[in-house]
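Two complexes follow with subunit A in common, the first pairing it with subunit B and the second with subunit C.
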Partner chain A sequence: MDLFLQFLANGLVQGMFYALSALGLTLIFGLMRVVNFAHGEFYMMGGLLGWYVTSRLGLDFFTGLVLVTLVMAAFGWLVDRLLIERVRHLGEEPGILLTIGLSIFLVNTAMLIVGTAPEKVAGPVGNAPLIFGPIVLTKLRLFAVGCCAAAIVAAHLLIRKTRLGRAMRATFQDPMAARLAGINTARVYASTFALGTTLAAISGMLLGSIYVVQVSVGGVVSLKAFVVVILGGMGSFAGAIVGGLVLGIAEAMWGGYLSTGLVDIVGFVIVILTLIFRPYGLFSTRAERA
Partner chain B sequence: MKFERNALFAFVALAALFPLLVRDQYLLHIGIMFLFYAVLGTSLNLVMGYVGEFSLGQTAFLGIGAYTAALLSQDFGLPLWATIPAAGLVSAVFGLAIGAVTLRLQGPFFVIVTLAFSEVLRLIANNWVSLTNGPMGIAGIAQPAFLSHESPLFAKTLYFYLMLAIVALSLYLSYRFVYSAIGRAAVTVRENRYVAQSVGIRPFRYAMIAFVLGALLAGMAGGFYAHYISVVDSEIFGFSFVATMIIVVLVGGKGTLVGPLVGSLLVTLLEEYLRDAKELRLSIFGLVVMAIVLFLPNGLMGFLARRREQYVASESPPQQVAATVTRTAA
Partner chain C sequence: MQKLGLIKAMTAAGLLISASAFAQDTIKIGLIQPLTGSVAYNGQADVAGAKQAVDERNAKGGVLGKKVELVIEDGQCKPANSVNAAEKLIQRDKVVAMVGAFCSSATAAVIPVTEKYQMPLVTGVSSEASLTQKGYKHFFRATETDALLAHTFAKIIYNNLHLKKIAYIGVNDDWGRGGVAEFSKQMGALGASNAMTEYFDHGTTDFYTLLTKLKASGADGVFVAAETQDGSILVKQIKELGLNIKVFGVGSWATSDFISLAGPAAEGIYAAVPYSATMKTPKNEAFVKTYFARNKENPGKYGAAGYNSLNIMMEAIERAKSTDAAKITSALQKTDYEGPNGHFRFMPNGQAWGFNAVLVQIRNKVPEVVMMAPIDQPQ
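Let's turn to the complex of A and B:
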């Protein structure tokens, strides 16, 4: 039982990171309909930039986080304006190919610059264990989960309460009507893409402070984010969070009780089952099936 | 149709002459890899170019074929002539099973689930140590026995012709598929699913035929690869093969039979020229993919076809019919 609680706690922690990175993808894939295969690479860039600013430039964690956020937001904005914009009206396939090309380019360019060695982001708090009854967590993990939650709340407020957020919601309901109402939809698309990119990057930097970040991590991260988005329902905020937690817990249980080698298989089994039995996902905002 | 058929014949004939003119192991190896990628491209093109669904899981079949051939050769001592067809067949059976699940989905969901399947297979290959020897892979796959008395050059030549036979078979099967009622039905599904359904075409059925045929071809290529390289590990399910296949199909032009051949030639040459810088090469590949999507969405063959149409149209306006005929031919 104690072991079970420990697995549960580990799963929840891991699930928060899945949720954060999937939140970025649910904006890009669920709302913008860009099947973004470079999402994991955005995560990887966040982690590596985080390592660079904390270890090489010697900034403290929070300044570094702000810097990474700004750089990645600008990067996401540029990717949308320079690449995605050109294929927006052409359906899904060009977007898929474009982001696959982008992902190949980013991975290998990063490999040229940084190399394949795993790097660690310098964390803001120590790695001392905290003991809650039967559960042991480290201070750093709790801190990172707190950051995750803060980022999720901030993104939620951005979309629900600000002028830009209202413009986003209008654009994704009906782009034509939004344009007629005077919304600059091109800018809204770019901002949404930038927001999605930033969320992935923050997730990468936080997780990089707990584990390590590696150039080759992107593919698995992309796939897991897709798993969570499909499980939660396209474009659903709550779905991304619940889906992330479900995936995190399922993996922790599988790894704890069955086998650690095949942990990554859980996500793929979940996505295949979801698409067969519940193609709308758990919380789809639109009645839209896969 | 005629252009495509003649081009394919000319290609196979030229390729058959290649080992007679070139007596160099390295060049023969490049030739073999070119033919190998041509088969992979053709196999992906059946699904991507003719049904219009984008499969990221084609390496699943490549890997299944390679492992089948490796295991049959290692555990049962079957010779190469038996293992390669068996690899194709096993892979086709898997195609039937995977297609039954994945082809119910379309668009991005199909893409993600096919990718998920190949990842699952990669993980299984890595973890089912008693069958696949795990991450170590299966090494020392048997070469045909009589080759041990012959020169390496002769072995390369033999492998070249073997691969060429697989290419010829692939092109023949694809040609028969594309220019049959089945192929036309598949193209109808690609162009407009609802119209296809309204005239009584079941998209699932035709997509399945293309998918299984693609699996068969990729499986045979995988079987060949296992014998030729003589090592199989789980990397064969990895993303780098998918990326290469996509580029082969895209550069050449999807939805044409000649396209993957052209694409394969360019990719093989580019790969050899940039061999010294591995990451740089892949970076350039990524840029190439993006550039093609943005500037040459129909690949080289699509570009040439359009130029020819424009040329014909501007040369002799009354022969508008000829232009249309050319378009259907290409």
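Let's turn to the complex of A and C:
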């Protein structure tokens, strides 16, 4: 039983991390219909920038996080205005090719600048074990779970409660009508993309303080994020959270009671089952679309 | 302005022509390493060592009176890419010999190509045992296999660390599984019981589940076969979970990167490695000094591997007195090379022996050599 509780705790923590790192992907897909294959690379950039500002510039974690957020939001905005804009009305395939190309470009540029060595982000709190009965966690992990929850709530409120969020949803439902109603849709798209990029980068910096971050990290991150998004339903916030937790707990239980060597099989099985039985995911937002 | 551009272009063209004319007078050696992908970091270290070997040799006049030119290709540790790289090096670049291709699976795919062209191939890294057991004529391995390392160190570890119940954790590939299999066999023969055997995939970041099992297994020591990235996270999380257990590992553990990534969690860890920058031989001290000056960090296992394999190849070409592949191969068989980590000779099947491996313990951020032992000639 003690063992089960520890596995469950591991799975919940890991699941929150998966949820956060999938949020940017689901947002960009849900609101913009862009399948962003450069998602893992945005995560990598967030992590490496986080390492740079905390280790090289010597800033504390929170100042660094603000700086990384600003830089990556600006970057996301520019990517949308300069690149995505050009393929916006051409269907989904050109967007896929564009983001695949972008991901290759970003990996290789990062490799030229920082090299291939793994780096760590200086964390905001200590890493000593915290013991709750049979469960061991660390302060840093609890802090990160808190941050994940905060980021998810903040993004949710932004989309549901603010003027910008309403404009985003309106543009997603019917771009033409939104334009007729006086919404500057180009700006809405750029803001959405910037928001998705920033969420990916924040998770990169946060998780970089718990694990390490390196240029080649993007592939694995994208893989898990796609599993979460396919399970939860493309574009659904609740879906990303539930999908993340399901994946995290399933992996922890599989690893705990069967074999950690085959743990990546869990994600693929989930994807296959979802595609067979609920091809639009657990929480599909498909019905909302006009 | 336009005129200036024209002059620039002409100068550039002139340079290109002279460069290619110059290239005719070099001896080309091909090097296939992962420069991108998940083990790029280790591949780059190998390349740094290889470049140092070539530059040192060229400064002394090169090989057969010509400069050596290193043609580097990215194999990404993937069999298909490595085979393409090998074909390109042979067909287009006309290299006379090759070194590579890091991952055992990639090297296993390259060997049939080099055998077809009868091209000599030395690897300084790929340790999967069966590579030298298939009767290849032109393939040489200038590093240890898991079995040789296990054979040399199992007894030392068992006696020094007083372990009775050991858990085994390895990365989920040929190398990790091979390392775990060999060490558990040797340790088992000495009387240590097996508490747990588990594997994880390359690039895994969260080991809590695995370590929860480790805690529950009641082992008093854990053997880990992992590279820098995975290994450093793993030992960090061992400390985070408050596990008090003796850790000994194989892989690139005795490096400054590993120690800085793992931080205080690295203290007290034992590692059985074929190379450590702290080995006290005159050859090694000179090698480390130059390597540090060039790369601003101390060499690890892979830097030394690149350095050794290129030196072995260049010495063989010099002794062959020719760039003829058959002559280089027979010169390689007579290798008698003194490297930073000892004396290399080859068995008839291409497996090296005689060089040293070390057991280090990380103390105060330095991998201190606990024990140095030569790899015996395999039976």
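In this text, the second predicted complex is superposed on the first by the 286 of 290 C-alpha atoms of A that agree within 3 Å, B and C clash if a C-alpha of one lies under 4 Å from a C-alpha of the other, contacts with A are read in each partner's own complex, and residues count from 1 in each chain.
Here is the rule we use: contacts are C-beta pairs under 8 Å (C-beta built on N, C-alpha and C of every residue); 3 or more make two chains touch, one makes a residue touch a chain.
No experiment lies behind these values; they were computed from the predicted model shown.
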Fit-or-clash call for subunit B and subunit C when the two complexes are aligned on subunit A: clash
Partner chain(s) touched by A:127 [first = subunit B, second = subunit C, both, neither]: second
Partner chain(s) touched by A:87 [first = subunit B, second = subunit C, both, neither]: first
Touched partner set for A:264, first subunit B, second subunit C, both or neither: both
Which of subunit B and subunit C A:192 touches, first, second, both or neither: neither
Which superposed partner A:108 touches (first subunit B, second subunit C, both, neither): both
Touching partner for A:212 - first (subunit B), second (subunit C), both, neither: second
Partner chain(s) touched by A:35 [first = subunit B, second = subunit C, both, neither]: first
Overlap of the subunit B and subunit C footprints on subunit A, listed as residue numbers: 107-108, 111, 219, 259, 261, 264
Subunit A - residues contacting subunit C, complex: 3, 6-7, 10-11, 13-14, 17, 107-108, 111, 115-118, 120, 127-129, 131, 136, 138, 207, 210-212, 214-217, 219-220, 251-252, 255-256, 259-261, 263-264
Complex contacts: residues of subunit B adjacent to subunit A: 54, 101, 104-105, 107-109, 111-113, 115-117, 119-120, 123-124, 126-127, 239, 243, 246, 250, 279-280, 282-283, 285-290, 292-294, 297
Residue ranges of subunit A in contact with subunit B within the complex: 29, 35, 83, 86-87, 90, 92-94, 96-98, 100-109, 111-112, 219, 223, 226-227, 230, 259, 261-262, 264-265, 267-269, 271-272, 275-276, 279, 290
Of all residues in subunit C, those that touch subunit A in their complex: 36-38, 40-41, 43-44, 172, 198-201, 203-206, 208-210, 212-213, 216, 228-229, 232-233, 236, 239-242, 257, 261
